[in-house]
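Each structure below appears as structure tokens.
In the two complexes that follow, chain A is the common piece, with chain B as its partner first and chain C second.
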Partner chain A sequence: MRRTVVIQPGIPSMFAYYFQLGLRSLRRNPMLTALMVMAIGFGVAASMTTYAVFRATSNNPIPQKSSQLFAVQVANWKPSDLDKGEPPNALSYTDASNLVRAHKALRESPMYPVAPSVIPADASKMPFNASAYAAYSDVFAMFDIPFLYGGPWGHDQDQAHGAVVVIGKALNDKLFGGANSVGREVDLDGHTYRVTGVMDTWNPQPLFFDPVNTQGFGDPVDLFLPFTRAIDMQMQTGGNNNCSTPADSGWDGWLRSECIWIAYWAELPTAADVAAYHRYLTGYAAEQQRAGRFTWAPNVRLRNVTQWLDFQHVVPPETKISLMVSLGFLLICLVNTVGLLLAKFMRRAPEIGVRRALGASRGTVYAQFLIEAGAVGLAGGVLGLLLTGVGVYGVGLVFSKDIARLATVDLSLVALTVLVAIGATVLAAFYPTWRAAQVQPAWQLKSN
Partner chain B sequence: MLKMTHLSKVYRTEVVETYALRDFNIDVKEGEFVAVTGPSGSGKTTFLTIAGLLETFTGGTYHLDGIEVSRLDDNARSKIRNEKIGFIFQAFNLIPDLNVYDNVEVPLRYRGMKGPERKQRIMDALERVGLASRAKHYPAELSGGQQQRVAIARALAGSPRLLLADEPTGNLDTQMARGVMELLEEIHREGATIVMVTHDPELAARAQRNVHIIDGQVVDLGEDPRFHAHAARAVDA
Partner chain C sequence: MNVQIQPILAALKRHKAGTLLIAMQIALTLAIVCNATFIIRERLARVARPTGMVETHLLTVQNRFVGTGATSSEPLVKADLATLRQIPGVVDATAINSYPLRGGGWSMGVQTDPDARKAITAATLYFADDHAVATMGLKLIAGRNFRADEISWQDAQKVEAPGEIIVSKALADKVFPDGHALGRTVYIMGNARPSTIIGVVERLQTPWSGTFADNFMEHSVLLPIQLTGAFGSYLVRTEPGRLDALLKTVPAQLMKTNRMRVLRDDTGVRSFAEVREAAYKTDRGMALLMTVVCVVLLAITAAGIVGLTSFWVGQRRRQIGVRRALGATRSDILGYFLTENLLIGLAGVVVGTAMAVGLNLWMVTHFEMHRLSMVYVAVGVVALLLIGQGAVLAPALRASRVSPVEATRSV
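Coming up: the complex of A and B.
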């Protein structure tokens, strides 16, 4: 009679038993163990350090909305002035103000960076420049900006060119000692602005709303003020501006010019909204063409946050290259680990023969040796973690300060480092384990 | 208990077929103590490894404790090895990194036995071979005789139906060999079935029954001319 029986000892207790054997095995040949642990540790650390940088630079800064927020581009320059046919990466004042007036999106706002002087009420303190943006009030809800106190200014203030301001937490701490400053006044460039709200910590990285002027990374925004007010106050952009033809003199000449300097964002929750807005933009450009302002066919773009960051090359190419190189290094380390594990396991062929004779199935041998490899991987992971810490600390030697400070060792990187080390080692152990499981117990026992 | 009928084991290469066992027949009853003798290369160890399910065979049938084993998969064969068979090897085959206690524990671990029962069995087996006080010692810290006793304790701990011993005293001096042999006899008196492969006619004489293998076949000691030829060569030498 044929009977098929499968050994099913308690899985947790066997796991613990094999793990214990694995730890003993680490001590068996310290030199071989040290080589494997170092190979895994260095390989994983190199990969995790470069991954920490890559993760920081390629982070989705607003994941809940990144597919609904769109950077708007309209070609107001003739095709020969465009780079590879792409519309300029900002709008002229004419287009920005036309679009915001039409208000075809759920929320939308032109915005540009300004750097007003903040004059503290305490005369003993020196004025300083704030990192600020002029925008419409839609920007707060559109970017999910959190508030500590108060809230955005109203749409009426946009229309009224109101002297209002939303300040950041850091500025509020600096000016008001962290107190609720709603209703209080801030002096910008010698003009008084009323605080309507204080932002809670808001520092999306990359700075998706303005990669053109920040290269994607930088300090949190100190304050927002109404776009209309900034225009009234003739606040010049603190960022880039580009002109295909010279602007007329004076502020009005600048506003009438085809110089581009204003970012424009629209919130379009559905695909239908995106399509409708794109039709509207195309129609708008066609209208400009008919009016004789554009002498070329409509050329407009809508790019969501990730597309926009990609288009602006926010992720430095060297981070991708170093990640690829370090992954290649990890692969080489793993190939070495395969050889070392093979040597380690095959030296134990007699033991495998004995274990098989005493009742270990091939599957049991697989389990034992893979878990043992996992123990090696765990040790490599611990070393890798320490080296990753050192590597992340030294990122500033290779990358810019703004990027270096974003590369951090957090809980997820710790977990990933250990998991990659264990996973990679177990993967490397498949072939050596397979070879170990093929050991013929009879031959081993005879040869003894 | 162990019955092989017309069993054969052929090792094939591209140019030659070598019969390690040919038309091999043996029937070991429950509770027997059988010594298997024969010259080197006669197939004794091949028989033992097939009997212990460590090796497959080419033809014939093999029933172990009523189970026809030829078509069993690796898991089933491993389970039978673990539960029904105890091995004692000439070279002891203890795992050097494990102490005495952990060596004896190995088959019980594979059986999935719970901790308290496992501990009881290990200590019982070690007391049985007189080595309970050496539980924390490593094999390298023991004499050859003590190592073989540990191997016997390991084989006994799982209460197997069949003990397979391959030259169990081959690596021991006379005094140690006598002690191990007395232990095997005692185990047999308690009801175990033992099949022992040996070169030593003195040891073989202490078994209940002798089975002689020549050229991969069991031969009748009284009639087979090959046995007499072999015996004559042995005398000449």
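Coming up: the complex of A and C.
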């Protein structure tokens, strides 16, 4: 007895078959195929490169706490000196020391950048600048700063204006060869400071705690020292100092002035804490008004990390403009691909007619053409990936080095590139495929 | 060549999708290319702004003294200047708090009425000495330079306005629109003390290259004051051809004079060409990026038009054959496709113009950009129409060569 074995093609083998058909069809018009692949490749690469930069600049540097840390603003200038009614973007020494004395938040600290010179003990080595901040001991717990050795200085050192420092890992490597340097001494501008702790790698980008002076990006912090000590040592700010009216001369005149130069951060874990602190700030400003220092109604702000970065325009306009232009570019490439796929598919109308007449369903036509488009998308994705690599390498030509080094090709970007390329191509293929599936078998056969 | 538009429109109605796609692509391309070229022009215009200095053979030093003696820096700076001026190849040297394109500096309001509530304009203050004009290569167009005995040394915390100042012409014209600034007095440090303008230089830019100083870009004041303190800059004018060697000699000599200082590896000692390069890096980069985008975009749009038109020509070979058999000339067929493309292109640029203006308005509200000049749109429109015609030429020529015999052939 003879038996007929019917081989039912399964889904995988059908896929492979259509894929093969697709490749064969793509080979038939190499110019058209190359054009589509290049359009997709360039469009995707431009978008992904600019996205990599955008992603880096709009990064949330401290996601676990960004909604609990607040930048404090108090208007100590008369309303006509304010920009759009917003309080100045830093505090005066008077306000900063009043707030820290009241201590109404779970943790809080004023801080300002200083640029002490580190003088190596070894006289054959050159002095160098350190990127440093003067702050209170609370910053370490507040910003979740990790420690390699030791820890923060104690609150008593804040009170005692102690000559102590917490240094970064890089500085510890440079000065002490990476050894545990707790208790050792560092010479800053000719004065010695005792190391209480060595930070582990801590490099949040954007530098959320000081976008005002860094524009958001830059080298990691080399060291922290007590705010009170820095004031004693008359360390000038390494950042901006803005005065609405000229300060009296000398250091004390500056401290008494309404010049603004100090950032102020508060940790407020719950909405109730935020409301309470806001009430306190308003009350404080009202008190200053009663005392005659402010001649205007209380004008205070609390902005959390993301709001603060947004307010300070940390994402450079170039990043957004180039991302917008690149997305427009990708859109044009897709419109282009729709047109070319339409031309390509419709040219095969007779072939589709024959297949349909021989029993192929609309669904099979759909599958075949979408897979063919997917192959184009894959090729475009691979080209796009290569070009994205080139693009990210060339980011340094457009953006500052502090931003350029943050834009990197990682696994998620690679996956996204390929996904966007295939997704976009398949999306672009829907209309041409639909048109192809509409081909009337009888019509095509008749015209032959 | 007699082209009738009616039949072309009738034919386009049968190719709605393709027509729409080409028109859309032209519209989007126009919108982006207009705005991109506008960005390129804006950025290049920034980069081209002159500083007012002679920028060749100029070397910059950003110095920081360290240690306990750093704040009373007068003898240290004097020793440095003496060292710099005796190095072979050095023409002159000056100590100054900042210089054009450096990025940071000192700005104050300038006023003529000490009791005015609002200053006339902001201006940058350069704390300089009698060697500054020569070293920077500034052109003194009126009055005189500082004399050595007019230079005073002051603490940055307690600076007092000097009796004599030199201003840039732009500032002089802004404060004294009548053109007679020389010998007049202004207040540059609040209302403390007036300063007399003893000289006017043709041009001197502020230290900021970003948008911050755009409205007082060339408003500068030179003061006969040397600031004491740890931070400071030196400018060094060199003899032609000596700059490269001096980039190494200068830091070595300074270190030999006094080791207690920091000269940063990246910005410590630079030629002015490097300073300019760094200051305008982002502007030039944006211009470059936008140029690449424009070129690739136009190429892709052109290629897309070639692709779709080729398809149409292939599809209509029989009809073309019929028209040829009925007496249409080759140029009739060529004209048909060129006109067809022109019609689609016109539709595209009309929509594209609206999109270009819309995109620009959006960027104006979001990114401190200026309004798009219509010249850019006009040039863009012409360019895209020409590119369309160029792209369609090859397929149209192929169509015109279709033989009338095709009419009798089945596909």
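Definition applied: the second predicted complex is superposed on the first by the 396 of 448 C-alpha atoms of A that agree within 3 Å, B and C clash if a C-alpha of one lies under 4 Å from a C-alpha of the other, contacts with A are read in each partner's own complex, and residues count from 1 in each chain.
The rule is short, and it goes like this: a residue touches a chain if its C-beta (ideal position, glycine included) is under 8 Å from a C-beta of that chain, and two chains touch if they have at least 3 such contacts.
Computed from a predicted model, the values in this text were never measured in an experiment.
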In the superposed arrangement, does A:T364 touch chain B (first), chain C (second), both or neither?
first
Kindly classify A:L342 by the partners it touches after superposition: chain B alone (first), chain C alone (second), both, or neither?
second
Using the superposition described at the top, determine whether chain B or chain C touches more residues of chain A.
C
Please work out whether A:K174 is in contact with chain B alone, chain C alone, both, or neither, and reply first, second, both or neither.
neither
Who does A:V354 touch here: chain B (first), chain C (second), both, or neither?
first
Output check: A:R194 vs chain B and chain C. Expected answer is one of first, second, both, neither. What do you get?
neither
So, A:M14: does it touch chain B (first), chain C (second), both, or neither?
first
Which parts of chain A are in contact with chain B and also with chain C?
350, 448
Quick one: in the complex, what on chain B touches chain A?
45, 49, 52, 54-55, 66-68, 71-83, 87, 89-91, 93-95, 97, 106-107, 109-112, 115, 154, 158, 166
In the complex of these two chains, what residues of chain A are touching chain B?
1-10, 13-14, 17, 24-25, 28, 350-351, 353-364, 440-442, 445-446, 448
Would you pull the chain A residues touching chain C in the complex into a rising list?
32, 35, 38-39, 42, 46, 115, 117, 119, 126-129, 189-191, 245-246, 249-251, 253-254, 316-318, 320-322, 325-326, 328-329, 331-333, 335-336, 338-340, 342-344, 346-347, 350, 397-400, 431, 435, 447-448
Over in the complex, which chain C residues touch chain A? Could you list them?
17-18, 21-22, 24-25, 28-29, 31-32, 35-36, 39, 64, 66-68, 70, 157-158, 189-190, 230, 255, 259-262, 264, 281-282, 285-286, 288-290, 293, 296-297, 300-301, 303-304, 307-308, 310-312, 314-315, 359, 363, 366-368, 410-411
